[in-house]
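Next come the structures, one after another.
What follows is a pair of complexes built around chain A, which joins chain B in one and chain C in the other.
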Partner chain A sequence: MKLEINGEAKSAMLKYCISIGLTLVFGCILITAQGEKPLRAMGYILQGSFGSVMNIGNTIRWIISSLLVGAAATIAFKSGVANMGIEGQIYIGALSAAVIGYSIELPPGLHAIACLLVASIMGMLYALIPALLRLYFKINELITTLVLNFIAKDLTEYITMWVIMGGQQAANGSASIATPRILKSAQLPIIIKSTTANIGIFIALAVLLIVAFFYKYTLEGYELTQIGQNMNFARMGGVNITRSFLMAFLISGFISGLCGGIEITGAYYRFTSSFSNNLGWDGIMIARVSNNNPIAVIFVSIIWGGLKQGAMNMERMTSLNRLIVIIIQMLFVLFVSIDYDSIINKWKSKMELKKPDYNGGMNI
Partner chain B sequence: MMTMLGILFGSVTWSATFRLSTPIILTSVGGSFNKHTGVFCIAFECFMLSAAFFAAWGSYLTGSPYMGTLFAILAGLLLAAIFGMFVLNFKANPMIVSIAMNFGAWAVTTLLLTEIFGVRGYFHSPKIVNFSPIDIPVLREIPYINEVLNNQIILVYIAYISVVVGTIIMYKTPFGLRLRTIGINEIGAQTAGVNILKYKWIGLAIMGIMSGLGGAYLPLSGLSMFSENMSSGRGFLAFAAILVSKGNPVKAALISILFAYTNALTFTLTSYGIPSQLLQMFPFIAVIIVLMIGNLRNLSLTPVIEASE
Partner chain C sequence: MNSYEYILEMRNINKRFKNLVANDNITFRVRPGTVHALIGENGAGKSTLMNILTNIQTPDSGEIYIRGELVEFKNPLDAVRHGIGMVYQEFMTFQGMSVLDNIIVGFEQKNGMFIDYKESRRKVEEICKKYNFNIPLDALVNDLPIATLQQVEIIKVLYRNADIIILDEPTSVLTPQGVQGLLDAIRFLVKQGKTVIFITHKLKEVLEISDDITILKNGRVTGVLSAKETNELELARLMVGREVMLQINKPQCKTGDVVLIVSNLKVKDSAGVIRVKNASFKVHAGEIVGISGIAVSGQKALVEAIVGLSTAEKHGEIIFCGRNITDETIANRRKMGMGYIAQDRTGIGSNKEGTIWENAIMGYHRVKGFKRKHLLDFNDINAFTNKIIDEYAVKTQGIGDKIKTLSGGNIQKLIAGREFLQNQKLLIIEDPTRGIDVGSVEFIWNRIIQMAQVGVAVLLISHDLNEVMQLSDRILVMYNGSIIEHPNSKVLTEEQIGLMMLGGVIDEVGN
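Moving on to the complex of A and B:
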């Protein structure tokens, strides 16, 4: 048993080392091709993300959302739910938080909690739609959640523009479609002055730790993991699959909605149409890069948040576009997804007849 | 009432439907071949967006929409090859590769937009030469049909021809039979002597070429422009069409036409004061309704989960 764990850890280590190495090589090539020095660019990224207290504060603001979407995706994928709709659930949650935030007057503290709670519940309800479609119609949730993302985006924009703003701001571009600013009492307290680092970071960390604890030490968590690994096996083992599947889906939606709520109450203070910038996809990638391990999500989120903040500094200080950082991130995701073990094993058994394993691409 | 009928069945709406279905049909027919080889792929957004960019660029450079389309096809092929390399050779998870590629394509095309044309958001230029409409003399005499089918660009006709050709290849040739066998039973196909890896690569290549064509339609259909995130969900619509039709090109085309129809209604209905955001939701709601109707026979009042197919 112990040897096996060591072997796994070793191959995981190898995987990350090779992918980081490959990403650095390709990243350097990309940056050099743009006529900049890679080390200089990296220096600016580091300076921009962790260089000063203010920069760290702004980085924390991005880490919060990365942590939460990472947690939402981890729960879904660890339990065999292909929830691609995190983006849509974030939108629904964010809009509800904004509406509660500006329209109702409540004492400070309570107001923020109410916002977050409503946001989470709305996100959960939005996740209920694909879950029910899967349960009753057996429609693969992969496609419904994908499509519901687009619907959520348009629906929130519609509600903001035609219900909240009364259809006033026509033809002004989507940037001007926004709800009124939320009240002071609904805003999350800031932890570092003159930045948007808010106490959401503690909520996010708590969520991740709870998730980690849940999967490691509780029976339900174990059952969910089993479903994610082999649904039929779990069924034979007497797990109530329907209940567990629904639970995983709803928790995932709940956390996505919470993420949307924290984005609004902690950073934006108002709902703007198409504000999220593919946050939901980030979550899926963070979860995959960290191999669905909640603790690893924390580290990956720090990198993700740092890159997001640092990229802006890099763009200011050099001639590079900040999109280059996104491209490098994508390269990293691609390289991490490679199954190095099987490639190495293939090399090892090259003495044998060339008989590749044709299963590639079958398992989602 | 008459105006409503005019909107629903008018030649304007159906002409737009005929036109707008092109990119989705092309992509979904190509993806059907890939679907039958059992390679999971949702990177159509990536293929279409990149192809759209290269079509615009190629047309800008050479002044010929045909060269632009060639650029687009090559881009589609190259990206399909990258996808295949990761999924088939490196055994990467196809879903995560697709997501990374979709996202990466957005970043790369937006970056190239600023690097090559020096603009943000969108690039419009008369130098991006469009396809010119083709006038078919035979159709000129028939009143309604003429307005719907005539004077479309060549890619529209290619799309509908590809449905027929794709169906014949898939269901009437030994090649198609072998291709479908892989999807039904991979080990069985291997035992029967089919070179599985070869067929998977062929499926990917067809997907790349067709998505390239589909992407080329976007900038060269009369817009003369490329804008950031131009494919805007069409790749996912194509994926939905493939999934619902289970890889049958004719069914996939019909579903694509439905999506295009809901999309075409958007153009006519916006002038009646219906919010555009609601209209933009139509195709996506149509996806869910189609899925529900398609899965009606699976309906069970006691919820049961089965391992996904």
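Moving on to the complex of A and C:
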């Protein structure tokens, strides 16, 4: 007797098992090729990410951003919006948070909230641009959001350099293009001493849970899912496509902006140009790996954050570069994106065709 | 003289696409030096058969003989080498290049590495002279009118030494004068020894130009006739005639008030082509009005305008229960009591990625609403979904299963249940039984009749003439974008309706 597992769960499990297996194989080859032992490298990654309280704290700091970008991408993709502009929305949100953080004085707590709120709203407004371009001029958001990423990155750099720094070098003599440090009142409380693990983790988890609830239990979530899966079906059911599209786009931008805000108020404490290191793209990968499931995003983010933190330890302790971890991560995304079911089916039908017409023999 | 009777013989060709049988054991024979018309509705299998002949698709089984010899094409070029040339309905030209370039492309006369334009031009000019074509070879193809482009395409296949020339719906893009010019050209080609396969669904042209006629319907050959020994009525019957698989007793209806008035409706498709021309008709409560027509006569555009998927042109009106809904949103049309079963079951009618309940409540969720405005009411959802499953006999394991685990018939019953169980006033039903099992067909037909009995107005648009004739109280014919209403459509025979579907005119007493 077999265990009753429905076909879909089975094919999902198959998919992840094959992907993990393939990633491990390729990862081992890559590491061995550079003259290191794969197991030793993996040990250092684990140690660096979860080996001590401090390491866990720093891992949490990366989990926060992974969670938020994962949520932003999931909302967009689940609702049929190709928001590739999470990166740009993060930049806009981050700079806004930094400006509010250093330039105004507010009571502690309130100040941080103000920073995050402004960051979120600015991220959302930045997402409004491609949304309107799509709705009124029918320009595909895939293109506009990609282009707006570059604009955001360079615009924030320009503003920091020429407006905030006045074209002068920073007061502390460093050559980087950065805003002044935000005030103490704007910083998010740390939850593990001498690390950057901050209360942003609770905000991020709450966001994911709200997203999961939204898609599972609300009317609007139902409609967005249907739009994402079959727009014409939803349209014929009387769903207001324009409104829903706009809503999904704006929420996605809002969360991206929030992510930027938390990065500044929780970890960096100042806006530095080009700080994000492709964080926005991580979101797209995470959503992809999680198959746009908000709860799965939580688990994938833990792995993502762990790898990010652990990779630095691996780099310190071995001769490997931490970029190798990114390569392995991307390999995993690639393998998960493969449609194994259809490959297997194709292969099966090919085998059937090749089978000779032979009915004797070992027929049990 | 010839050692073979047929220049082309396709024997027992089978081709299926997943569940659709496009070619079902088709045998197609063409005598040399004749015009052979291949007729049938869109979707009858003509294009598939020709794609197999030109090796764009490979058949599942079957053999092709050319000049009596069995051939096996490895690729489309192979077919060209065997003298088969096709002129497509959509011309495949390279914009921005000259006529000459377009003709010789891929088969240039070469001079070492370079194109020998002199020799190429000489060959093309020779062909033009021989077949009486007068074409400016140096003009850009962008600047040419469609009739000329078609000639360019014909020259192209002649240049490639085609002996068997396939013309796919060649007259559909031409003006009446253009059509005469083309027919003359075809006659001339045949006189020069070429063989022409002429694909169309216009019966007049068929009878005028062709020697032999092969008729396809639903992937099967329904007749092979000589043009001299047949007439339009017979062709119409073979082309669209019904296959009665199922008889159903349709009680006389009691018609009530007018529910839907469509007047002077004009609809363009997304490409700007007018698909519906000044359509006007009414549907009363308790009445089933059937619209029949061959495929792509404008039914899709008409339905889309009525249900709200597209917008009609300004001067027309759609009045539903006394209210002009021409510019109303789909949500409001639904709230007013309009239900819709789409022909496109997986594209519009259902979301194949979704679960059964997700598919069951689409539309209902906004029209009826739930207790709380923003939260899904799972009690209500379960109740409604299970009601559909019970009353419409949908065979399923559980309402959380994906809809793609159901058979086509069960999906269609679910969709019908969803649309019928919402206390509608008007149902727009488009090809409700296409591709589903006989049991489900009968079930859905009975439910449609039942809906009419309780006073719902039904507009049934179907490509299946039998379905329209069995269910409808009144039959409208859609031809080339226009609605044709016969004053007493119930007396018409299927041949007469078939003829109307193909553009014929039937008078009041049925002649």
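Following the convention adopted for this analysis, the second predicted complex is superposed on the first by the 338 of 364 C-alpha atoms of A that agree within 3 Å, B and C clash if a C-alpha of one lies under 4 Å from a C-alpha of the other, contacts with A are read in each partner's own complex, and residues count from 1 in each chain.
By definition in this document, a contact is a pair of C-beta atoms (placed from the backbone, for glycine too) under 8 Å apart; a residue touches a chain by one contact, two chains touch by 3 or more.
Note that this is a predicted model, so its numbers are computed, not measured.
When the shared chain is aligned, chain B comes close enough to touch A:F245, but chain C does not.
Of the two partner chains, chain C is the only one touched by A:E220; chain B is not.
In the superposition on chain A, A:L133 contacts chain B only, with no contact to chain C. By the touch criterion defined above, A:E157 reaches chain B but does not reach chain C. Residue contacts after overlaying the shared chain place A:N232 against chain B and chain C alike. Here chain B and chain C are compared by how many residues of chain A each touches, and B touches more.
In the superposition on chain A, A:A33 contacts neither chain B nor chain C. Under the contact criterion defined above, the residues of chain A that touch both chain B in one complex and chain C in the other are 232. In the complex of the two chains, the chain A residues touching chain B come out as 82, 133-140, 142-144, 146-148, 150-151, 154-155, 157-158, 161-162, 167, 231-232, 241-242, 245, 278, 281, 284-285, 288, 321, 323-324, 326-327, 330-331, 333-334, 337-339, 342-343, 356-364.
Of all residues in chain A, only 6-8, 217-220, 222-223, 225-226, 229-230, 232-240 touch chain C in the complex they form.
Considering their complex, residues 38-40, 42, 86-97, 99-104, 107-108, 110-111, 114-115, 186, 190, 196-197, 200, 233, 236, 239-240, 243, 275, 277-278, 280-281, 284-285, 287-288, 291-292, 295-296, 298-301, 303-309 of chain B touch chain A.
Chain contact summary for the complex, chain C toward chain A: residues 307, 309, 329-331, 333-335, 340, 342, 344, 347-354, 358, 361-363, 365-367, 370, 373-376, 401-402, 405.
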